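In this document, chain identifiers A, B, C and D correspond to the written order of the chains, with residue numbering beginning at 1 in each.
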Amino acid sequence: MENRRIILEEKKWNPRTFFFQWEWMLVALLLLVHILNGIASPYYFSVDTFLSTPMSFLDQAFIVFPMMLVLISGNGNIDISVGSTVALSSVIMGVSYNHGIPMGASIFICFFIATLCGFINGCILVKFPELPAMIVTLSTMILYRGIAYIVLQNQAAGKFPSWFDYFGWGYVGPIPFIFLMFIVCAVIYGIVIHKTAFGRSVYAIGNNRTAALYSGIKTSRLTLIIFTLTGFMSGFTALFLTSRMGSTRPNIASGYELDVIAMAVLGGVSTDGGKGRIWGPILSIFIIGYMQYGLGLLNQSAQVVMIILGFLLIGSVLVQEIHIGKNRVLPGRK
Amino acid sequence: MNLSVFKDKKPGSFRELGLLAFIVVISLLVEIRNPMFFTLSNLEDIGVNTAILSILAVGMMMVLLTAGIDLSIGATIAFSGMCVALTLEAHPELPVGVALVEGILLGAVIGLILGIFISRFNILPIIASLGMMDIVRGFTYVVSKSKWVSAYQMPDDFKNFATGNIFGISNFIIIAIIVYVCFFYFINYTKVGRWIYAVGSNPAAAKISGIPKRRVIALVYMLMGALAGLAGVLWVSKYASAQGNTAEGEEMSVIAACVIGGVSITGGRGKVSGLILGCLLFGILDNALPLINVSPFWQKAIQGAVILTAVVANAVIRRQSDLKALKSRKI
Amino acid sequence: MSDEYILELKNITKVFPGVRALDCVSFSLRRGEIHALMGENGAGKSTFIKVITGVHQPEEGEILLDGKIVHFRNPVDAQKAGIAAIYQHVTCYPSLSVAENMFLGHELVTSKVKRLDWKKMYREADEWLEKLHANFKSDVEMGNLSVAQQQLVEIAKALSMNARIIIMDEPTAALTEHESEELYAITERLRDTGHSVIFISHRMEDTERLAGRVTVFRDSKFIGVWDVKDVTRAQLVKAMVGREITQMFPKKKVNIGATVLEISHLGRTGYFKDVSFSVRSGEILALTGLVGAGRTEVCESIYGVTAYDEGCVKLNGKVVRFNHPAEAIAAGFGYLPEDRQKEGLVLQWELSKNITLPALQQIKKRSGFLDVKKENHIAGQLCSELMVKTPSVFEAASLLSGGNQQKIVVGKLLTTPKKILVLDEPTKGVDVGAKAAIYEIIGNLAEKGYAIILISSEMPEVLGISDRIVVMKDGRVTAEFETAQADQNKILKAAMIEGVDKK
Amino acid sequence: MKRFLKSLLAGAAVLLMILPVSAKAKRKDSCAFVFKSTGNPYGEKMMDGFKSACEELGYDAILRAPEQPTAEGQIQIIEQLITQKVKAICISANDADALQPVLTKAMKRGIKVCAVDSNVNAASRMVFVNQADSEKIGRTLIQAAYDMTGGGGDIAVLSATSQATNQNLWIDWMKKELSENASKYAKLKLVKIAYGDDLRDKSVSETEGLLRSFPDLKCIIAPTTVGIAACSKVVADKGLIGKVDVTGLGLPSEMAEAITKGVCPYMFLWNPIDEGYLAGYVSVTLAKGAIKGEEGDSFAAGRLGHYNVVKAADGGTEILLGPPFKFDSTNIDKWKTVY
């Protein structure tokens, strides 16, 4: 009887749980990166750094959001075909433009192809749930890239109309267009992931697929949507990357998949599902981006950058392990 | 794998037969296009070129059996290869044996570190090895100061090792065979070997049966590393040149070969016999595509298509056999 | 004294974060005796076993083996000391062969070179299986076996370890009468060859048939130990349940309405065949039988988790087919899964999120956003309705006790309007208090006019609250009774012998 | 909270690995050289040359290269160089067109841009330092094949990646040479162009493929350092020395063995050190404004003497380093230790 009254329905703000989040660590990290860079290089604190620099690393960032969904959805889901998807869609866009299709239409085609690639991945995974995504996307990775080679062979496609450069190089006031788009996507995904039934269901299947299934969550449909979405967002990357390079070849965007996954993981998204919030990846995108940029300003050789990134990746996951491992929810009542 | 391979017709053996048939068909098609295919020397080429891949595949299979994955092997190959090359440049008098040992040890150390990250600190394999990949690759450039070690800087007997042969069989093939025999024994006829399967098959149960899960996992990655180290030495001796970017992306081919060979990436399933076929298919693809001179631009696509078909077909066959098993159940 | 007992446990206490799994229990095992350990699910039997076998280490108390104090740091120590256990939840390696499963951890090696001797292992494995009259060979993949067969393998494994003390945790639960007889025989043979056996079960038959003495646990406490010959069933039941069973089941009289769900000749390759029954609104239909008889499978495929490939399902007279649980839920079909932790809850989630998971569409605003206020309110309402013991709806599900977790899962069913509920072993591993509560809830639901299918293996429960009873065996319906006409023996007979063993 | 601090510490530990890297930034005027990718000795040599040239002229040299040979990587690097306000950028491009936007941006910011070794399109550079006239390379290689095969037989080309700018250019010239003097090369048949992607293993299996599918192959032209080395290794291992000749462009150090063995009678390459050195001089003189990179400009390039800016085939301007150097058994030992 008495416990009818005491059940709380209002959440109280709890400072401990609030500050005790991986994201704060990332914020600290980002600040530290800025500070170190600032100390190290006189050129660092400039308008360029904060406005036009993001241009050079944000193109990949668009895939991070759907990749986040893919990873959250658990069940070993991962998509390593994104790099090839970008290449294929970009190549086809270039070719179709060079064959007289107007640029607007070509851009549409680009997105269509990208979405198609993702859709195919999704279909295979839904038809054969027993196949791990890792393997399926591994083979489509090779396949898509291969098709790109067939289409363009050893040629480059390009000579785009001048307005096309706007995507990669244009500004809206002081802010780069690409940066603006990034913010828009970030907001949209933030809402979708944290505020809608869809996002909730994705976390559900990531945390406990069976329970979700019994609760009437359409797991396979979600999987399909998520992977298709990944393809679609690869279209953005293709668009911006192509625009930045002003031309395209079958070998662009190689190795993007691993960069993207690294960003997501550094952002606290676990590759075994169910974990991760939108802020993490957003922060980590900038951490990695600015760190590379800063080291670049110091003219550090590529290999040093690599080593540091490697350490950062393992280190951060290690810290998360300590971090989460120590205050994992205990089974049973206290 | 265990006796059951030879005894009953379980899904596994079905699939292997299917794969074998697939290989035969492909080979025949190639042979029709280019009769040079079934020449002894060409088959030896296939063997030699596949040797390194298949050595790596053994290690990767064990890793996959524990439901893990190792993306760092490409870097490990480059690193150990480079170190060995540098040592030999400094001391040309060293015998090949020393070089091999050095490479294996280096690889083992790297593998062990990775293994500890994964087993002790529960870092997910894919992430840990991803980071490791960057680190090791980076250090490869550092130790080599971004230089290459070229043919003339290596002692001859080291270079000849790759081309040399015993009773007409190339050293590489022999090494590969030795590795396979050893690991076939290890995996099937030693307790630890079986524990690898157990850990991958049902980690929870492993606790109750008192299997030292963490040690097994660490060991697996160490072995993987060691094999990668060995592969590194062979690589350098074969191409008579050590570069920083050696074997970039090799890990993906190895994983693909394992999967085609029927090793389940979710752990617990996989047989050496299947593995061999997987590697063979890969080797044949690499060798045949240039032979039947398809346009170089088609090669990648064809590879991808073949892998995809193999994987999907694999799944289909498995379903069929499962269904049969159910039908056979009496109700 | 101590030489009379091979194994003694004194005042063992085992605490898991939140629950006292064992509360100062004692136990003593004579040489060459079969000692029955009884108690309801969740009474702490399984934990007790894990303490003996070194999987868990007790916080307090001591274990004496041959009168000497021992400390088992891990299962291996216990095995070395000659203690083998057959666990209730079979712990096998699905992708390995039977022989490998049997010998994992104590593999046989050849004398000279210490290599695994597969020939020998497979031969011995086959011999053991022979002794158990198993109908399969030792080289099949474990994953392809039925639960019962896997249990046999576990038993064979324990035997193959020729341990001095053998612990069997509900071994007969999944065996047919015939197989049980076999097991009895083997167990007795073991006793006669000087082994000591701890035989866990809540089936009277086992105890009376086998045991010399019986110890009873209840609510993780030691209740008492008796010689089987001078104790009656009634006494034991009272000891186990804590009160007369009849009081456990406050059966309300409800007027039963029209047929809601009708299953005819349902079949799924390899799982069940020709299954037909029907439920009426307000009726509680008990679907009983042994573990692995196919009860769960039937209901799952009705619910749309798996697909049935023959027969049809009628809902209110109309033929329906649910291809996905979502459709079933939309049609007013609720399913309470057997394994609440694996299939029922997202443990790391707050109660509120868990409860509303099946009802996301309802808490969605027109804008498409989730209405968290509404969510928490719904959750709060249900929590208090079901008397869940929790400070707030923001507790992680994993922090609740078994009973309360079960209530949450029930709560999930009630978020959306339902006509039919399938309750799969709703009181499995739930403490006595919560049990009564859950029975009450079920009663109320029936009263509200729900048609309820209750899957259960616990006779008292089945007889206590159901209106009708359908018994299944090996994937077929073998009997159907009005509860009034049914009794324990009839049901057991139908569940075990009917359609005589093909094995 | 204590745990939180602990994890914070761990985080700091991770960052400490970054600290030692941060060096003092330089204030002197500087010119930057961006190569295709790290860990390529050929590039290293060019960097050496570039560096020494800059130092002779009292400039700092910034030497950069992406980890992978991609245009994306080079774009990022150039962005960074722009921020650093370098005086001139000298690039060896991974993609002729992909760098146009970023390089034009650089030029808008008043940074002088020149290309070397691997060209960018005319619009995105002021001048191209051409290691050797592409036309000459293409034609010379065919002539080499002609005289190795003794005037007739099958020849094949093993190139780098199918995307490599200069390789493709050279191959085009080879084809031109063949078609223009059809009568002379009547018996010389170019049977296949294979791509080894500058990977050892791929180059090897491609070469093996060539040898098998064209049994009477007489000569393989490999205008890429990795390709030619791998290729001649295969030929030597197969004991085809004398039957199949290998020629092309290769590093003496990599090819020393092959040439002494006679797998490769002779091959060509310019001196990458000089190439870098000249590039350095061009960059600095551009930076100083002494030349504008227009046709007719001329300047002195230290030890290399005097150079003129001439019209390039693609409509831009270029500076020719000089004829490619011919390596054979007589001079290889002298050079193999140099580069």
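Keep this in mind: contacts are C-beta pairs under 8 Å (C-beta built on N, C-alpha and C of every residue); 3 or more make two chains touch, one makes a residue touch a chain.
These figures come from a predicted structure and were not determined experimentally.
> Could you find the chain whose CA centre sits the greatest distance from that of chain C?
Ranked by distance of C-alpha centres from chain C, the top chain is D.
> When contacts are scored as defined above, which chain pair ends up with more C-beta pairs, B-C or A-B?
A-B
> Per the centroid of Cα atoms for each chain, what is the distance between chain C and chain D, given in Å?
Centre-to-centre distance between chain C and chain D: 72 Å.
> Where the centres are mean C-alpha positions, what is the separation of chain B from chain C, in Å?
For chain B versus chain C, the centre distance works out to 44 Å.
> Could you please state the distance in Å, as a whole number, between where the Cα atoms of chain A are centred and where those of chain B are centred?
Distance between chain centres, rounded to whole Å: 30 Å.
> Whole-Å distance, chain A centre to chain D centre, using C-alpha means?
34
> Taking each residue of chain D in turn, which ones touch at least two of the other chains?
Those would be 37-39, 162, 195.
> Where does chain B touch two or more other chains at once, residue-wise?
141, 146, 244, 297
> For chain A, which residues are shared contacts with two or more other chains?
As it turns out, chain A has residues touching two or more other chains at 149, 153-154, 301-306, 311-312, 318.
> Can you identify all of the chain pairs that touch?
A-B, A-C, A-D, B-C, B-D
> Can you list the residues on chain D that touch chain A in the complex?
My answer: residues 1, 3-4, 6-8, 10-15, 17-19, 21-23, 25, 27, 37-39, 62-68, 70-73, 75-77, 79-80, 82-85, 95-102, 105, 161-163, 168, 195.
> In their shared complex, at which residues does chain C touch chain B?
53, 55, 74-76, 79, 87, 91-97, 99-100, 104-105, 107, 109, 115-116, 118-119, 122, 137, 139-141, 144, 146, 269-273, 294, 474-476, 502
> Could you pull out which chain A residues touch chain B in their complex?
So the residues of chain A touching chain B come out as 76, 78, 124, 128, 130-132, 134-136, 138-147, 149-150, 153-154, 258, 261-262, 265, 270-272, 301-307, 309-314, 317-318, 321, 325.
> Could you please specify the touching residues of chain B with respect to chain D in the complex?
It is residues 34, 36-37, 39, 42, 45, 49, 141, 144, 146-148, 150-153, 162-163, 235, 238-241, 243-248, 286-287, 289-293, 296-297 of chain B that touch chain D.
> Per the contact definition, I'd like the list of chain A residues that touch chain D in the complex.
Going through chain A, the ones touching chain D are 16, 19-20, 25, 28-29, 32-33, 36-37, 39-43, 46, 48-49, 52-53, 55-57, 149, 153-154, 156, 158, 165, 168-169, 241, 244-255, 291-293, 295-306, 308, 311-312, 315-316, 318-319, 322-323, 326-327.
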